[in-house]
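Dropping the structure in here first, questions after.
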Amino acid sequence: MAELEVYLSGEIHTDWRREIEDAVTAAALHIAFTAPVTVHENSDDCGVAILGAEENKFWADHKGAKVNAIRTRTLIERADVVVVRFGDKYKQWNAAFDAGYAAALGKPLIVQHDPSLTHPLKEVDGAALAVAETPAQVAAILRYVMTGEL
Amino acid sequence: MAELEVYLSGEIHTDWRREIEDAVTAAALHIAFTAPVTVHENSDDCGVAILGAEENKFWADHKGAKVNAIRTRTLIERADVVVVRFGDKYKQWNAAFDAGYAAALGKPLIVQHDPSLTHPLKEVDGAALAVAETPAQVAAILRYVMTGEL
Amino acid sequence: MAELEVYLSGEIHTDWRREIEDAVTAAALHIAFTAPVTVHENSDDCGVAILGAEENKFWADHKGAKVNAIRTRTLIERADVVVVRFGDKYKQWNAAFDAGYAAALGKPLIVQHDPSLTHPLKEVDGAALAVAETPAQVAAILRYVMTGEL
Amino acid sequence: MAELEVYLSGEIHTDWRREIEDAVTAAALHIAFTAPVTVHENSDDCGVAILGAEENKFWADHKGAKVNAIRTRTLIERADVVVVRFGDKYKQWNAAFDAGYAAALGKPLIVQHDPSLTHPLKEVDGAALAVAETPAQVAAILRYVMTGEL
Amino acid sequence: MAELEVYLSGEIHTDWRREIEDAVTAAALHIAFTAPVTVHENSDDCGVAILGAEENKFWADHKGAKVNAIRTRTLIERADVVVVRFGDKYKQWNAAFDAGYAAALGKPLIVQHDPSLTHPLKEVDGAALAVAETPAQVAAILRYVMTGEL
Amino acid sequence: MAELEVYLSGEIHTDWRREIEDAVTAAALHIAFTAPVTVHENSDDCGVAILGAEENKFWADHKGAKVNAIRTRTLIERADVVVVRFGDKYKQWNAAFDAGYAAALGKPLIVQHDPSLTHPLKEVDGAALAVAETPAQVAAILRYVMTGEL
Amino acid sequence: MAELEVYLSGEIHTDWRREIEDAVTAAALHIAFTAPVTVHENSDDCGVAILGAEENKFWADHKGAKVNAIRTRTLIERADVVVVRFGDKYKQWNAAFDAGYAAALGKPLIVQHDPSLTHPLKEVDGAALAVAETPAQVAAILRYVMTGEL
Amino acid sequence: MAELEVYLSGEIHTDWRREIEDAVTAAALHIAFTAPVTVHENSDDCGVAILGAEENKFWADHKGAKVNAIRTRTLIERADVVVVRFGDKYKQWNAAFDAGYAAALGKPLIVQHDPSLTHPLKEVDGAALAVAETPAQVAAILRYVMTGEL
């Protein structure tokens, strides 16, 4: 397979994306990785920073969430494969939302999380074509999918 | 509007569904409500109970999640409107997954949760056509949508 | 043709819908007519009345528009035929929006307006399978479509 | 995000498109902007100029509107993001039609207009992922969506 | 199979539809047959009769063709199976158009024509799941499809 | 869940369908079961019996396969759930074809076969929401999906 | 508009395609024109030449029509715009079939034929965004659609 | 036709793919061929090798089949044409599954197998646009489809 576009959804406060990207770079694969905005404060503030302040926090969040959705929906639609990572912090409902969105579009889905999260993530895992425990496994899957090599 | 099919996703350990259904019954509306299996232990055990025990908990959960998906995907596909409720317990990633799934299918989405959850649910709320704080508001929306009366 | 579901979009302050419905009733046709909420103040107020007041008029309108969209999108999706009427008052951008929405879904579209509006409505008319000048013509089209009689 | 295709619908007698394009060029972003034909007389005359004169003004408009639709539908289908601008002149039903068309296709929609138009545009705004007051805000959104920078 | 909706497209000046319907009635099958308007003069005149005369014959035909399309597209979309009959008179491009339209929608297609037309109809036949020579064969196919009996 | 339409694909020389249907009838569930034509000789002969003999066996089979496809595709498209059974006889490529067809349409898929066939059926099983070993398990799944009871 | 892919369906025994292509080349437009196989005998013989002779002329035509469909369906699916030309010879049902196929896919359709064919082509014309009388007009439309110049 | 993407599904223990690719290379055609992983042991082991061992052979196969599906579904979705080869060994249910999957997506399908398999493959053949007996015929079809030459 000559090229692949992979959307990396979920956790934005650790460097799991770089771990996958480094492994893929080392294997010289043509994978275009995309992601949501990973600068947390920009992701939170973009709505009010660009479109004006809101007194009500709900609308401040609402404007920001929708501006971010312009990016995330475009990238999920374009992606060949969607990877969703769940970490040990925060509610991460947006990650689960992305997984549901990708599943309904029929995108091949890889979910990555610690085994301790297996039970609450069972519905998300059930929609995935692979459930990995580590970013290294995700990279290995992408490498195998493109090259057929183990 | 003569009839409506509404899927009620999310929290299964409180009686929020009945609250909505009772209000709708009182208004004599023809709404067919559907839901996931709300008997928690059955929902957890269905895979192994029907298809055989698993030593590995991951596969036990996996089998169950997929059997439940036969029901939930069928009902979400059929629904005119999808309501997703987030409570104050559990991870509720399946609820967020359903919201993403419904959004990608273009289903009108109503999300219901306490205002304290606004920030972590902002992406889910951003995809909704209404964000309600109480089941009574959900019922009022459904009543208005069908009758045009406030 | 045994039955038809027709969505009547647009102008809500005249009785054009009843004119069509009366003509159809007289012809004993099984047409289920649907429409947006036509009580103007309810349509404007539904968001804040059900989901709470807003200081900012933009959000008051926003909440209302989205609650109404739960109804209108459901009905447009269900409709076999969409009729859009443009009158001589108001901006009527919602009517043109509905026409575009219906066109993109491939719904057969009938537009009805006074000939004086031909030029500014040319793009909307260009997407229609019939452009009528009067509600009576719309009724005649529906009667012909179902019975084949002129 | 490496590249984006953005369709700029609506008002053709001011230079709002150039304002956005200049801001984007200054930021060195790879955005391919597309638009309807913005030479007003060509847009009006194309049908009869190419396909022959019509005595009846309705058909002259009709032929032109459809020839323009070959361009606009192709570009809306291709677009990643659709921006619709409403100004203070003309009926602009074609702009609202495009917004509805884009919404039904699930395209991320940005609407831009003066706050004075909020009430009549509430249904269109309700379908948008961002409602901007100025072209500069639209440019800022596109810049953020591609780079994540504020 | 409990019921079937079958659209009978093509030739309107012979009684081939009745032949199929009679055979199906004799077999007590629940098939809802639909068809274009088969009163030739009404089909030709409906546009101008309802929406006003046209000096230019092209527009007279255009208006009629589009009004008829409200019926035919609705019925083809609804149909489980589309049957297209080609006779020995007229150009019948509308029948071939219907066949292409049904094929693109993935509708099971039955084509019926005399063997003498095999060569010019080879592309249409190539898209069909059955090519019959007589209406009796079409009826036999429908009977078999519903009952499994030969 | 009030009603369900289930297509039972695969093996036609044993009574596995009746086993499922009897269990469902005993549970008083409203499930409409559908199936391919299960009279083997009719299924093989339908093409030539209705549309005329063929010297070349390939075309005899071809005509029959396509006539049967009118039935099977209609029923798979309509089905809420598709069950595919693999037995111990014949090549059963049509069963695997149906499974692939249903999977691409996003239909919830239940596969039923003896554990001895696990390895060669792994790709088909991988696309299923449940892999059962017996018809009784399929019936139990359908019962649970509709009632939530174990 | 930077580039366009245009499928030229219909008549293969005159040089109408070259007339359009020459005009487009002269205008230095980036249009990729595609077409069915226009060597008549190859188009007729491809099935039997590659896949083996058939005694029955029906199957010879059938094999050829399907091999050609591999090309034509691929190109129609890819096309931004579909042009269908009707000449004065042959039945041309394949051209009308292509028009219906393109219409159902929502492809912008341009039909080109002599005015003498207006009445029998009214249903095909009714589905088109432009009806041209000459190849030069088709070229002018494509030039206008891409450049906005008349 | 300038380029084509062709997915070669089925048999992985003979060199039929190379035979087609060599013939195409000799003809200097721009065809991008894709395929499942054809190293049999890697295809079988990929799940457990990357994601961890399983005691139960069912889950070992299951994990592998799903990892492979990330590749195969991506490539089938991308393909313009899908070729499925059936040989004389193994059950080959995955090949039939791919054929059904491709058929439901509307992909032009070429099936290649020995005439001795005609009867059990009749349903698969019935969904194909060409049924070839040899890889050389497949190459000839692809050459003709792209160049129009016999």
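All chains are identified by letter, namely A, B, C, D, E, F, G and H, in their written order; residue positions are counted from 1 within each chain.
Throughout what follows, a residue touches a chain if its C-beta (ideal position, glycine included) is under 8 Å from a C-beta of that chain, and two chains touch if they have at least 3 such contacts.
Each chain and its UniProt protein: A, B, C, D, E, F, G, H = YtoQ family protein.
In this text the structure is predicted, and so the values were computed from the model without any measurement.
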{"item": "Chain F (YtoQ family protein) and chain A (YtoQ family protein) - chains in contact with each", "value": "B, H"}
{"item": "Taking each chain's C-alpha mean as its centre, the one farthest from chain F (YtoQ family protein)", "value": "D"}
{"item": "Option in E-G, A-B or B-F whose residue-number contact pairs overlap E-F by over half", "value": "B-F"}
{"item": "Far-end chain from chain G (YtoQ family protein), centres as C-alpha averages", "value": "B"}
{"item": "Degree value of the rotation bringing chain E (YtoQ family protein) onto chain F (YtoQ family protein), based on Cα positions, nearest 5", "value": "90"}
{"item": "Centroid spacing, where centroids are CA-atom means, of chain C (YtoQ family protein) and chain F (YtoQ family protein) in whole angstrom", "value": "43"}
{"item": "Chain centre separation in whole Å, for chain C (YtoQ family protein) relative to chain A (YtoQ family protein) (CA means)", "value": "40"}
{"item": "Approximate Å spacing (C-alpha centroids) for the pair chain C (YtoQ family protein), chain E (YtoQ family protein)", "value": "31"}
{"item": "Euclidean distance of C-alpha centroids - chain C (YtoQ family protein) vs chain H (YtoQ family protein), Å", "value": "49"}
{"item": "Sites on chain G (YtoQ family protein) at which at least two other chains make contact", "value": "66, 69, 106, 131"}
{"item": "For the chain D (YtoQ family protein) and chain G (YtoQ family protein) complex, residues of the former touching the latter", "value": "32, 34, 37-39, 42-43, 45-46, 49-52, 63, 66-67, 69-71, 73-75"}
{"item": "Chain D (YtoQ family protein) residues touching chain C (YtoQ family protein) - in the complex, by the definition given at the top", "value": "57-58, 61-62, 64-66, 68-69, 86, 90-105, 115, 117-127, 131"}
{"item": "Complex contact set, residues of chain G (YtoQ family protein) against chain D (YtoQ family protein)", "value": "1-2, 4, 80-81, 106, 108, 110, 128-133, 137, 140-141, 144-146, 148-150"}
